[in-house]
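Alright, structures below, take your time with them.
Here subunit A shows up in two complexes: once beside subunit B, once beside subunit C.
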Partner chain A sequence: MTLTLFLEQLVNGIILGSMYAIMGAGLALIYGTMRILNFAHGEFYMLGGFFVFFLFAQHHIHPVPAVIIAVAAVALIAALVQRLTINVLLKREGWAFSTIAATLGVSIFLQNLALALWGERFQSVPYFVEGLLQVGEFRLPWQRVLIFGVAVGVMATMAVVLRWTRFGWAVRATAQDAEAAAVVGVPAARIHTITFALGAALAAVAAALLAPVFAVNPWMGLPLIIKAFVVVVLGGLGSFPGAIVGGFLLGIVEAIGITLTSSEWRDVIAFGMMILFLWVRPWGLFGVKER
Partner chain B sequence: MFAPLALQGRLAVAALVAVLLVLPLVWHDTYVLHLIILSMVFGAFAVAWNFTTGYAGLKTFGHHAFFGIGAYFSALISKNFEITPWLTTPAAGLVAAAAGLVVALPVLRIRSVPHVAMVTLGFAEIVRVLLTVFRETTRGEMGLWGIPAYDGFTIPGLGEVVFNAAEKVPYYYLAAFLFLGSVYAVVRMVKSPVGLALVAIRDSQDAAESLGINLTRYKLLAFATSAFLVGLLGAFYAHYILLLTPSSVLGLDLMILVIGMTLIGGVGTLFGPILGAFVMTIGVEAMRGIGEYRMLIYGALIVAVVMFMPRGLVALLDGLGPRFGFGRGVRMATADDAKTG
Partner chain C sequence: MLEVKDLDVKYGDVQVLWDVSLTVGRGEVVAVMGPNGSGKSTILKAIIGLVRPSGGTITLDGKTISGLPAHQMAGLGVSLVLERRRLFPQMTVLENVRMGAFHPAVRAREKERLEWVEYLFPIIRERRGQLAGRMSGGEQQMVAIARGLMSGPRLLMMDEPFLGLAPRIVDQIVDIIRKINAEGIAVLFNEQNVHLSFSNSHRGYLLESGRIVLEGSGLAMLEHEMVKRVYLGT
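== the complex of A and B ==
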């Protein structure tokens, strides 16, 4: 193991970590405002991947509008799903479980819809940008640089929106206490729908960027949602900054872990870390201790 | 749900059991028997999952781990050490129960439904990935084959009983034994003081604890019992299907299938999961004609049931007479939902 190879692994870990962070941040945003675990998160990711495949790889639309359309379409579908299922269930008893069950159903539905539309084959998407960035012996495809850049940009924008805009205040107020927020005039139900769509849009961004790296297929969401679960456990369920730190942490630990063992152990390392965290710090790095 | 069944309820149960036991004697269609065997395996799986989720309120999403552990343990031990599956099957149940205790320990510390869902699912994924990684022993996704079937024996007066792929009837009765045994065990537990304590825990942990219920002991007991039953079923499945892959017995699909069956039948009831398993196993087969769209419909059906029929299909049986649903649907809400969920 040379130093360069190790550095390359580490950088790849950080880049993959930025994707885990975006996936986890979407899940955390949804959990943070509605207290529900979205099992269909992986399928919103999968849809994002297929939309980019459809627009960019099949119809040769320029990647920038292609990605924007794909992400917007996923957000729209998510808003519809939220309106039709979660919004209704949230008003009933036992919603902590029924929303998980409903999103599980949505997840199976979307997986098989994609299967019927696009088939089970792995479909490849070309790189958005060609070429390699080379510094000394160290090389990195520009696509990966792009992934990292967009990820950081998206996360920074989200952080700014949540911190300093009226919409962000409304989201955080609803997260703290939906009823109290409604009393002061925040339309809680609409905020829930928008937040859900936004969370799904983050998953679609990750998918759009990763589609050229991993191929797209109907089951591509499953490994990523499980990673997103790990991320939110590390960071603390419902914490946006926690998800970002958790994502990078997971990416880096995985990268170091697989250089010491082999790439087959990647998932074992990730889940092992999750279970370890649930043992010693179940509320995560940034979560509030609650029983 | 704790009241004894009315007479018509008892008669209905007796009639259903009788039909189940007589059926292979009159209907020899191998494919039909195969479907009913699978229905019984999934039915017992759903009953065991429902025991922890619907009664004990531990909403786990990783019970397929115990099915897979049971299946692989029994298959590998009987194959590699030439021990009869009659011994490795109960042993597999015990190993699964031990694994259940390991999973239950972190689960005891957390009450939030999403956390429990994630840790149990994470555990199952670890088991699946490990079985894939150690492919020298398990053959990974290539599939483990050469698993011995159950040894035959002779029943005086009836003749020889042989277990092989062509002969479904012995497997049918073994599955019926496991199925009825699991249901009986769960019914007994639910109706015993243990069941009362579990329901009390589900409805309010704090209230139950204040009445002197030992939360730790009861949760561990529920989890281990359920894991034991699922482990047994996994082992039976291994010696019946004779081919295992990590994705077939440890994939999330399997868990989703069982969750779907329970939801569709009626979660938190005794009869619901069984009804769901039979209806869905046979229904999904009947829908084979529409090919790839059946899982699409399955997903939509889960959403529809959660939205419009939260008590599941057993709710339809209420009209047939008092308590025909074998325990009315119980609300899935717990006092803890308000706090953490």
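== the complex of A and C ==
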């Protein structure tokens, strides 16, 4: 294998890794604040993809407003779903199980809704930007550069918001101790709704960017949510920075792994890595070891 | 100022408080003493709105506050330091303290209050950047009380503020209670130990299995036959 080919694979790994990171970060944000594994995460991703398909591919709206509208719409739907299901269940006993059942239900419902609305065919979305970036022998489609740039921008923004804004403080406080947060005046229920919507919005951003690469169909969320779970395990359940590092790590290891074997091994590599982590460091890269 | 009348609380089908009535006057220090599981924490949680009473009323300056959600209470001048400190372990000391002024109604005065609690607890300035979860129990209790004071409460409630602390730290916290009370803040605290409860309060209540069985001035409670016999073994 030539060095250029290897470099290309590595760069592709990093770019795909940024998508895993953004998916995982959404899942981690929700788990971190509510202790809920959101099994509908893949379907919020799928909705994001279809909204972009609808707005950009079918109605030729400029990609920038199309993506923004798609992401906002997914966030809104997620907020509604959270209000109607999770918010209600969290107050009751047995919420740990009932919320899993609820998000699974939402996931199946959204898949069937998409099937009814758009059919089961793979539908393609054109690239937002055409052309190739060329440096010497090395080439990269601009679409992929865009994916990476937007992903990094979005994650950096989220990190800044969590670290330095009042809203970010409220999210972190609620995640660490919901009762103590309520006592100092944080409206936990509202924070939960907004966080859930934000997590889903991150999935929608990933979908909007990847739709032109992978095409859209009702089950497109499945492979991505599985990767997001792997990422969250690698990073440490509920850790936002952990999910970002875990995402890039997974992307890079997968890319190197498949250049050494073949692309059918991609998922085997991902799960192998997850099992290895569960074995030697079950609390993940950034998680805290439970005593 | 605070008046709790005939308070009943149930967890599911199990009732844990029966007809609990107590008052805290302006500038008073009041102790609720009771053994393990008698319902001390539940009283404070019902007042702050973390648990919903099934009966009775809670009023603050004549206005009903029972049923209000906990996140509104800081704005009404009521603050609670939860049992076992309950700091945000992954946030720094300064972030924890500043969270105490989160409520919109008290936000504007965050700066001056920070100076005030730093004066009461010099450790806050010394350790501002340290993660709260990495501090000793006594240090955490100081930060927890400071966080509770950041909203500038008229009534500060503390759930077992001396729990598991060394005698030297207990003395410091007793001292802090005196200081903040001298500034006109009413204090309502829980405790399992007779002496800690009643030598550090103007008035006290004895709680047994969810019912108030005795009340009186701190001194009277210390001297009471029943208290002496059951809790001091004399």
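The rule we apply is simple: the second predicted complex is superposed on the first by the 290 of 291 C-alpha atoms of A that agree within 3 Å, B and C clash if a C-alpha of one lies under 4 Å from a C-alpha of the other, contacts with A are read in each partner's own complex, and residues count from 1 in each chain.
The definition used in the following text is that a contact is a pair of C-beta atoms (placed from the backbone, for glycine too) under 8 Å apart; a residue touches a chain by one contact, two chains touch by 3 or more.
Predicted, not measured: the structure shown is a model, and the values here were computed from it.
Once the two complexes are overlaid on the shared chain, A:Arg172 sits against subunit C while remaining clear of subunit B.
By the touch criterion stated above, A:Ser98 is placed in contact with subunit B alone, subunit C being left untouched.
Shared-chain residue A:Arg281: touches no atom of subunit B or subunit C.
When both complexes are overlaid on chain A, the residue A:Arg83 reaches neither subunit B nor subunit C.
Annotation for subunit A, partner touching more residues between subunit B and subunit C: B.
Applying the stated touch rule to the two superposed structures, the overlap between the subunit B and subunit C interfaces on subunit A comprises residues 93.
On the side of subunit A, the complex with subunit B involves touching residues 31, 35-37, 85, 88-89, 92-98, 100-102, 104-113, 115-116, 222, 226, 229-230, 232-233, 237, 264-265, 267-268, 271-272, 274-275, 278-279, 282, 290-291. Residue ranges of subunit A in contact with subunit C, taken from their complex: 93, 166, 169-170, 172-173, 176-177, 179-188.
Against subunit A, in their complex, subunit C makes its touches with residues 12, 48, 50, 69-75, 79-80, 82, 86-91, 95, 98-104, 106, 147, 150-151.
For subunit B in complex with subunit A, the residues that touch the partner chain are 59, 61, 106, 109-115, 117-119, 121-123, 125-126, 129-130, 132-133, 252, 256, 259-260, 263, 292-293, 295-296, 298-303, 306-307, 310, 331-334, 337, 339-341.
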